[in-house]
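What follows is chain A paired twice: with chain B in the first complex and chain C in the second.
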Partner chain A sequence: MHIPDSFIPITQGAVYWVIALVFIVLALRWVKNEMSEEKVPLVAVLAAGVFALQAFNLPVTMGTSGHLVGGALVAIVLGSPFAAIFVLSLVLIVQGVLFGDGGITVMGTNIINMGVIGGFVGYYGYHGLLSVTRNIYASAAGAAWLACLIPALCAAIELAIAGTFPLVPGMISMGIYHALIGLIEAGITAVVLGLIVNSRPDILDHPTGAPS
Partner chain B sequence: MISNRTFLTIGLVVALIIGISAVFFASGDPDGLDSTALVMQGQKDLTQPANPDAEIDESALPGEFEYSAPFPDYTIEGATKMTDTVLLVVGTILALLLVFALGKGLKKFSRTGSS
Partner chain C sequence: MIEDLFEIERLAYGTSPLHRLDARIKLIVTFGAIIALVAYPVNPSVYYVALVFAVLLGLSLAISRVPLRTFLARILVILPFGLSILLFQVLFPPIPFPTETVLTELPFGVVITAEACAKASMIGVRFVLCIGFIILLSSTTRIQDLLVGARRLGFPSEFTLILGMMTRYLFVFGQMFLRVRNALSTRCFDPFDRSLPYGYRIRQLGNTIGTMFIRSYEQGERTYTAMLCRGYGKDAFLFVPKKALARSEWGTLFACMAVVIGCPLAVYLLFG
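For the complex of A and B:
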């Protein structure tokens, strides 16, 4: 759901950039004050994984494809939505500046959708579902699905404000496609979480119920 | 439990394998956003594939700014699969280095800073 520059007028893009910058500053403060230094290399590897997985579009029927976004995954593994904002912002900068994947004037919009909204929905969705299901994989999958669908619906609203899509048809179309793409998000998030739990349970900042 | 170094090595290798596979196996179908744009412009039915030559009509879009990325769509004119592979590997490592450098920098700042 990387929005290109042509989809949103510059003035609106600037407003989203200002909002995104507030969250970027908060994310940088989170890294500086809350994240332990031993985790820096692990966050960097997660960023590499997110970048690679985002390049891997998988078909989801109806002539459409989609890929992992990764906001939920990063937020769940590192235990903060701000981790997702930190990682996704930097990944989006590389994608936008070098590869034209997502625009420049709209980069703030993409950071808000995938980093901020994806991160917060992923993190709080996970902990909400965890308190009900008591299963980390089901919770991660459910939260990741929501962290794909809800940012896509937000993008549809932003694009309706921009006059690019009509509101209701845009939300229906974005919603249907990303409900399917969200299954990719759910599956990969649960699998990667499983790999991390089995190889390095200490990276997770919360008990998983697994013996460590 | 495996060591930090092993985790990093395995993680980076897995990321690179995924990225390189993407060059060869990723779907070229439009993503959810582009599909929606094609549907809105009457070039695609919601549940049907678009014509292979369907393109988003840029003139109908509100944006005024155009930035030319050096490697649009993870490729460059005249690129082979090898070139595309190199580009994806460079992008993956760049994402890793950026996060690493900024992370380390911020932690250093927090040690020497006011706190």
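For the complex of A and C:
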């Protein structure tokens, strides 16, 4: 769902950029203040790792394939939606400037969709589901699925506002496609969380699984 | 995408005049061209602008001696999502056009109009050119030069420090990804193999991805500790010595920017 250049008018792109920059600054402040000490380098290196993880081609049902976005995973493990914003902004800048995947004028839009919305939905979705289900794997899977679906719907709405995408057919097609892709994101996120709980529980924000 | 990373950086180590040009000029011209293209209104005169920009891109490509095949292959990888949006745009126009010329009628009441096709092709031309400019930038400029250039242009030090650290480790994890993928295929594990139960494949892939996640976290911890030992702290920044542009570089910058700004303005004033 990397919206490319020229699909969003420059003025709207600028508005999204300003909003995205606010969240990037907040995320930077979070890394500096909330994570113990000055752990900026750690998150930067983790971002490179997330970029590599996204390269795995994963099977989804009916012959389609997808790949991980990882926003929900990062937000859950590091315990803040700002972690996802920080990591995904870095990944999107690299993808946009080096590979042309996503654009320059629309980069703000993409950061809002995948980083900000994906991060907040992933984090609060996880804690919301956790208080209901009391099962960290089910909540992580549910949150990851939502963190894939909702940004895609937002992208469809933004494209509709831009006048380049029809609203209803667009939301239906983006919704169905990402609801399918989201299944793999959900499954992988739950398995990865399980692995972390078993092997490095100390890096989890809340090792016991109880909401902080 | 990650397989391309090494190829891109190898290409960026070329010696053509475009490779040697200061990264600041390339950054300004590339971003300027993309902004100018996106800012140009969607009306038929955009084709004139696109033609001039395509000539600029073609000339730069010729000077840079980046193989055309690699260049086109990298553009092709990026196209699918944009093209699918354009297809929707043609099938279900989001904003009704005042006059409609019906080309064909498909079942389920879907009507293809000439206006929708024209709009889609105008957006499509801008879209492909934007990708072309970005790919030319990354195939002629090393990542480190991009960062230094961005820093010299006034990009905040905090971002360049973080981005620099991230891009350095991109290659480490790129290699790790290729090794892990080789290891999986050596064990004859194919994630798309339907004879294996789906749950099993997901668990295997999840564990592989989880291992890489933990390894990159641990690499981050090690890097962080190592940097602390060397005096990294709150006030650390990426030191970039100042460097003035030579007169010929100013000339190139002004010539390119004259095209990038002048051409769309002239076309807009002449043809509307």
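The rule we apply is simple: the second predicted complex is superposed on the first by the 186 of 212 C-alpha atoms of A that agree within 3 Å, B and C clash if a C-alpha of one lies under 4 Å from a C-alpha of the other, contacts with A are read in each partner's own complex, and residues count from 1 in each chain.
In this text, a contact is a pair of C-beta atoms (placed from the backbone, for glycine too) under 8 Å apart; a residue touches a chain by one contact, two chains touch by 3 or more.
Bear in mind that the values here come from a model prediction, so they are computed numbers and not experimental data.
Asker: On the A-aligned overlay, A:N113 touches which partner chain: chain B = first, chain C = second, or both, or neither?
Answerer: After superposing on A, A:N113 lies clear of both chain B and chain C.
Asker: Could you look at A:S139 and tell me whether it touches chain B, chain C, both or neither (first, second, both, neither)?
Answerer: A:S139 sits against neither chain B nor chain C.
Asker: Name the contact category of A:P201: first (chain B only), second (chain C only), both, or neither.
Answerer: first
Asker: For A:A160, select first, second, both or neither according to whether it touches chain B, chain C, the two together, or no partner.
Answerer: second
Asker: By the touch definition at the top of the document, which applies to A:G187: first (chain B), second (chain C), both, or neither?
Answerer: A:G187 sits against chain C, while chain B stays out of touch.
Asker: By the touch definition at the top of the document, which applies to A:S80: first (chain B), second (chain C), both, or neither?
Answerer: In the superposition, A:S80 touches no partner, neither chain B nor chain C.
Asker: Is A:T64 in contact with chain B, with chain C, with both, or with neither (first, second, both, neither)?
Answerer: first
Asker: Determine where on chain A the residues touched by chain B overlap those touched by chain C, and list them.
Answerer: In chain A, residues 1-2, 4-7, 9-10, 13, 28, 32, 38, 40-53, 55-59, 65, 90, 93-101, 103-105, 163-166, 169-170, 173, 199-200 are touched by chain B and also by chain C.
Asker: Provide the residue numbers of chain C that touch chain A in the complex, in ascending order.
Answerer: Those in contact with chain A are residues 1-5, 8, 31, 34-35, 37-39, 74-75, 77-78, 81-82, 85, 88-89, 91-95, 123, 126-127, 130-131, 134-135, 137-138, 143, 146, 158, 161-163, 165-170, 172-174, 176-177, 191-192, 198, 201-203, 205-221, 223-224, 227, 232-234.
Asker: What part of chain A is in contact with chain C in the complex they form?
Answerer: Going by the criterion above, the answer is residues 1-2, 4-7, 9-10, 13, 28, 32, 38-59, 61, 65, 68, 73, 77, 90, 93-101, 103-105, 159-160, 163-167, 169-170, 173, 184, 187-188, 190-196, 199-200, 203.
Asker: For a test of understanding, state which residues of chain B touch chain A in their complex under the given definition.
Answerer: Per the touch definition, chain B meets chain A at residues 1-2, 4, 7-8, 10-12, 14-16, 18-19, 21-23, 25-33, 35-37, 39-40, 44, 46-50, 58, 61-74, 87-88, 91-100, 102-104, 106-107, 109-110, 113, 115.
Asker: In their complex, what parts of chain A are in touch with chain B?
Answerer: Interface residues on chain A, with respect to chain B: 1-10, 13, 28, 31-33, 35, 37-38, 40-53, 55-60, 62-67, 86-87, 90-91, 93-101, 103-106, 152, 155-156, 162-166, 169-170, 172-174, 176-178, 181, 199-202, 212.
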